[in-house]
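In what comes next, subunit A is part of two complexes: it sits with subunit B in the first one and with subunit C in the second one.
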Partner chain A sequence: MSDLKVLEQSVIDFSNLKKEPGWFQKLRKAAFTKMTMLELPSFEKIRYQRWPIIPKQTLLESRKVELDQKRAVGNTVVQVGSRTLSLKLTNELKQKNVIICDWETALIEHSDLIQKYFMTKAVKWDADRLTAAHLAQLTSGLFIYVPRNVELDEPITSYLTQDARDGQDYVHHVLIVAAENSRFSYLENRDTLGNETTTANIIVEVIAEQNSHVKFAGVDQLGETTTAYINRRGYLLDNAKIDWSIGLLNDGNIIGDFDSDLIGAGAHADVKVVAISTGNQIQGIDTRVTNYGKHSIGQILQHGVILSRSTLTFNGIGHIIKGAKGANAQQESRVLMLSTKARGDANPILLIDENDVQAGHAASVGRVNQEQLYYLMSRGLHKEGAERLVIRGFLGPVLTAIPAADVRERLIETIEGKLINGQKFEKVSR
Partner chain B sequence: MSTLEVKNLHVEIEDKEILKGVNLKMATGEVHAIMGPNGTGKSTLSEAIMGNPAYKATEGEVLLNGVNILELPVDERARAGLFLAMQYPSEIPGITNAEFLRAAINARRPEDNQIPIREFLKKLDKMMTTLDMTEEMSDRYLNEGFSGGEKKRNEILQLMMIEPKFAILDEIDSGLDIDALKVVSRGVNEMLKNAEFGTLMITHYQRLLNYIVPDVVHVMMDGRVVKTGGAELAEKLEAEGYAGLRDELGLDVVLTDENV
Partner chain C sequence: MKELDVGGEYEYGFKDDFEPIYSTGRGLTEATVREISAAKNEPEWMLDYRLRAFALYEKMPMPSFGPDLSQLDLANMRYFQRASDTIARDWDDVPDKIKETFDRLGVPEAERKYLAGSSAQYESEVVYHHMREDFEKLGIIFMDTDSALQEYPELVKQYFGKLVPASNNKFSALNSAVWSGGTFIYVPKGVKTEVPIQSYFRINAENTGQFERTLIIVDEGASVNYVEGCTAPNYSADSLHAAVVEVNVMKDAYCRYTTIQNWSDNVYSLETKRARALENATMEWVDGNLGSKVTMKYPSIYLDGQGAHGTMLSIAFAGGNIIQDTGAKMIHNAKKTTSSIVSKSLCKDGGRVDYRGYLKFGRHSDGSFAHVECDTIIMDDQSASDTIPFNEILNGNVSMEHEAKVSKISEEQLYYLMSRGISEAKATEMIVMGFVEPFTKELPMEYAVELNRLIEYQMEGSVG
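For the complex of A and B:
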């Protein structure tokens, strides 16, 4: 059998093993057939096509692993590879009929909801090679459904670890549905276990129905040997709002594709991204907001820091579709270079097909503000410490939006660590 | 007792010589004032002493306790005991005032003897009370969105928290109303109760010197100190103006704002 045939058979075997509903297996087969005919998606100024970005391996369950008890508190989901180690629903969630379950369970118990929302609205499965491969080779995921009029006091938290112990591909899906008038926060922590060379294909869909409000915070810390495609996309109906706060602190090569489709009138997406690139890594971030709805509002704020020999590219795309009268598209992308050997790019792209709109953009690639540095140093702070403070201030807008204080603290620590390493590199290479 | 001495200091900015041989000497326990018309190099002198990299010393020395510090970067000068209350302090979003102050204090202490948080907060509270600052100002981002007066107060707060040996106050009175001026002066006078502190104030106006009384007044013109005297010199200047002093000294200097 050819590799492709082996892979196809493993998709069917895996689907049978998991007792997936017929419609889902059929969809997987369709995606499998179509994927080789589809192109890889292209992003302005990001060349990743030669990376090992396409998952190719037969589908397998991950090896067993111990649960880290510290993670399993509150409204928390802990997954490692394809395994769900802990999934607890607090009384609040149970009383309010919130659904949180792993992918396997979701397909069996909530097949109708999955069929309605999965890769039909936010991300279309046949959009490109990566989305089709995602559907065909999906091995695990998470489903969250917050019913109408439900407001949650506590954020829902997930720890989603990519398993790189055995070099297995990681194809993971998160589907979040915020029904009409619902309101909640979701915090997603992603990292890597193990250090074999791996490919990750991650898609997160957030469907925000009328008047719902989702605060989405994502902290990505995938490992150095992981090459990942991370697609997070919002689909917003009338007056829905999604506040995205995404921290990209990965160590490997990353394509980040963060989109929001403002379908409904008055829909509002506020996207904040911070990224740090270190070592030899390349991170390409393509953040887009598309205004379809009248009076819809899209705001993009991206701040990044590049160290050592790394590369960071920010594309900010504001697209206003004809008919979206009164729409507003604003964006700001800034890259701070700490190294003379690093490469940074900030590309503002405005595509406007309607006259009655507001739009604006700002972009820059620069160095640490010398006046600020002088001011801090004049108070006795060492140059490196002063530099880190200025950078932390620069990354502040996203850091402050992270809902959990302990996660925020850890994030700041991680950033400190990356900056200290980067500063060491600068000293040595000077 | 510590000493700060400026000897024959020449300084350039963008290849233009601004200071043309400044001499002055002071010790802790003393208050010195530098007065002079616009454009004579008063701010340049303060930035050059502190170590702003944009200001290039081409000749002369700045001695702190007899050691030339001109080769030291700004942070080392600060840790050696110098402080400059700036005319235009930077705004730094994302870092709170309190966090910054603690980092500044800890930069002067060994890693294993950082200031305990309780002790820090107690001190901060005390100093903020002296300066009529509201508690929320410590949680605001460093100078971000501060009014001119708030920024000046914040400079003095940093001075009081850091407790340097010598503080240069660069036009700390500009943009302050009488009430704010009194508050800022109160902070400086509080510091002066400590014998191990001296200050060099740069000002256009005699008014500030009513609140912080100088022991010595230096007058600068055209990049040099042209006259040094006691507090009465400032009063004389107030009455006769800089042009009067220039003519009395027979200097061939054009004052920037003359006949304007």
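For the complex of A and C:
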């Protein structure tokens, strides 16, 4: 038997063991068949095709690990690898019939909802080799369903840790459904435990139904030895809104594919992405908003900082489909180059098939704002500190959108650490 | 609102029934390449160059991006047609029928008025060429590239194919295999000419391939202003214009290269234009694309010397079913180099106008700066536009600003003008004229007037 057949058989065994519903097993098999026939997705100016990007080893059960009690506060989910360590819902959520559960439970208890929304609207499972591989080997995940008219005051927080201790690959799915008129915030923290060389394939789908409003904050801090494909995609119906705030602070090689499909009239996606590339890593970020609906609005803001010998590519794509009259697509990509050995790409792309629209982009590349720097230095800050402070301001659009103060604090610490390392590199290499 | 007269046709769509005195017929084989070279009595190295390029051409794929070229009938094309066996230096010596054609295009008239030199290419070769004596005395060489190869073989050999290798793309390989005509200019050290030199390119027969090869060398401290215009008759069968242009701008030199491309809507215009600017040199492309069926053209400037400056100023206008796929490339390879790209695009009646750009700051481009501005107006809901700029940065000590906007005609501006009693059609035209003004104001007077007239004509019937 070929390796793939062996893998398929072990996934089927896993699926039987977990008593996955028939429709899901059938889809898995279809994905296995289709996987090898589909191409890898292509992103402008991001050449990742030779990376170890296809997961191969996903079934290892995670070893036991202690729950970090600090994380289990409020409405939280803590997952490490295939294990869900803690899942706490406040009374508010229970009373309002909000569903939050791990993937295994979701498939058994909410099979009909999953079947309706999973990889049929936002991300199509047969779109390319990575999405098919995702479905074929999906082993863990999270399902969130917020019913009609429900508004939540407290954010829902997840800590999703990739377990790289035993070299297993990671395929993780998050499906979020915001039913009509619902309104809530979600904060997703991703990191890595252990340092074996691994592949991660992560897909997050957000279905925002009519008039719903989702605030999505994501902080990605995957490890240096993890090669990851992270796809987050929104599907927005009439007058729905998603505010994306994504901080990419990974240490390994990353493909970030962030899309919003503005299907309904008046749908609105506001996408803010900040990224720091350090060391020798390569991060390729492809952020796309597609306006299908009339008077839909897409906004993209991308700010990136590039250090050491790293590479950061920002593609921003605003696509207005014919018929989307009155649509608006705006984007801004700004890159700070702090190293003479690094590489940065900012590719703002507009694809416009309709005339009654407004579309625009601005991109810039440069150094830290010298005026701001001198101002701070004149107040007694040393140069490196002043530089880091200016950069923190530059990353502000995402930092301020993080709904939890402690997460924000830790994020700032991580950023400080990365910048200090980058500054050391510059000193040595000059 | 009053119905506007849509009338009028492509003004340069007339044709004459002039028969070429020599032609390689339809289609292209290695024998055709040898035949062209033999007909021109070329040195051995050029034949070898052509044959190597032909082998490349046969192997290379069509471009992987941009407009669909599958309707381009390369097998039926006429690759070489000689119209005259001498190059006239006096307008009276040009064959009557060709003369009539160029007279209608206003070519000699323009020369009398304001040009330092002028040449006219008809099908594959230059039929007329003239240079004002006072400029000739300064040592400026201005002739067709075929003659230059005979008269200045060493100079041509030194620069030919050095900026645009045959292997650059399928159509540069094709040009390198079958090139004919085009302009050769050499401006000696320190010689400056303010008065423009002009070439006019005309395709007359249907299914014609025109492969001009232009080579310009502006030596240290010299300056030149070169203008080219292009037209062709309307046919149902398509023609192909695949030029290669190489411009070498030496230390402290200046070159402005202005193109007004107004091919008829059966011409594929697939161009490769590249310039290299050395220390403190300035290269400027001024590029107007108004006609053709499909245009693919992305002039580039390699800023290889410290302090070099490059400019691209362009407009593209895509009317009914025309595809203008144009743009610019700036490659900053040295310290303190600067560049600016300003692109204005308009499309209507199902036209498609795309901007494709590439901007690179190399490892050694410390202190460099680039500015890019792309504005597009989509005039109606049959038309579309993509803006696809790539910016690649390999140096931490540079700065780049890029802005782009796509919209319809501004309603605010329209209503303001109409509230002053101006008709919608006139107001629209005024807004468009204002939109392209940064371009027209850089053109020589005669061209600016002509361009404004062309745009007025293109705009007719756009409101109603």
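What we mean here is this: the second predicted complex is superposed on the first by the 429 of 430 C-alpha atoms of A that agree within 3 Å, B and C clash if a C-alpha of one lies under 4 Å from a C-alpha of the other, contacts with A are read in each partner's own complex, and residues count from 1 in each chain.
Definition applied: a contact is a pair of C-beta atoms (placed from the backbone, for glycine too) under 8 Å apart; a residue touches a chain by one contact, two chains touch by 3 or more.
Owing to the predicted nature of the structure, the values given are computational and were not obtained by experimental measurement.
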Just checking: does A:A362 make contact with subunit B only, subunit C only, both, or neither of them? Give me first, second, both or neither.
second
More subunit A residues in contact - subunit B or subunit C:
C
Figure out whether A:L338 sits in contact with subunit B (first) or subunit C (second), or with both, or with neither.
second
Looking at A:Y374, would you say it contacts subunit B, subunit C, both, or neither? Reply first, second, both or neither.
first
So in the superposed three-chain picture, is A:D353 touching just subunit B, just subunit C, both, or none of them (first/second/both/neither)?
second
Have a look at where A:I321 lands relative to subunit B and subunit C in the superposition and call it first, second, both or neither.
neither
Please identify the positions on subunit A that touch both subunit B and subunit C, taking each partner from its own complex.
none
State the interface residues of subunit A toward subunit C in the complex, per the touch definition above.
44-45, 322, 335, 337-340, 342-367
Mind listing the subunit C positions that touch subunit A in their complex?
361, 363, 376, 378-381, 383-408
Any idea which subunit A residues touch subunit B in the complex?
369-372, 374-383, 385-386, 389-390, 392-397, 399-400
Under the stated contact criterion, what part of subunit B meets subunit A in this complex?
50-53, 73-75, 78-79, 83-84, 86, 89-90, 92-95, 100, 103-104, 107-108, 141-142, 158, 162
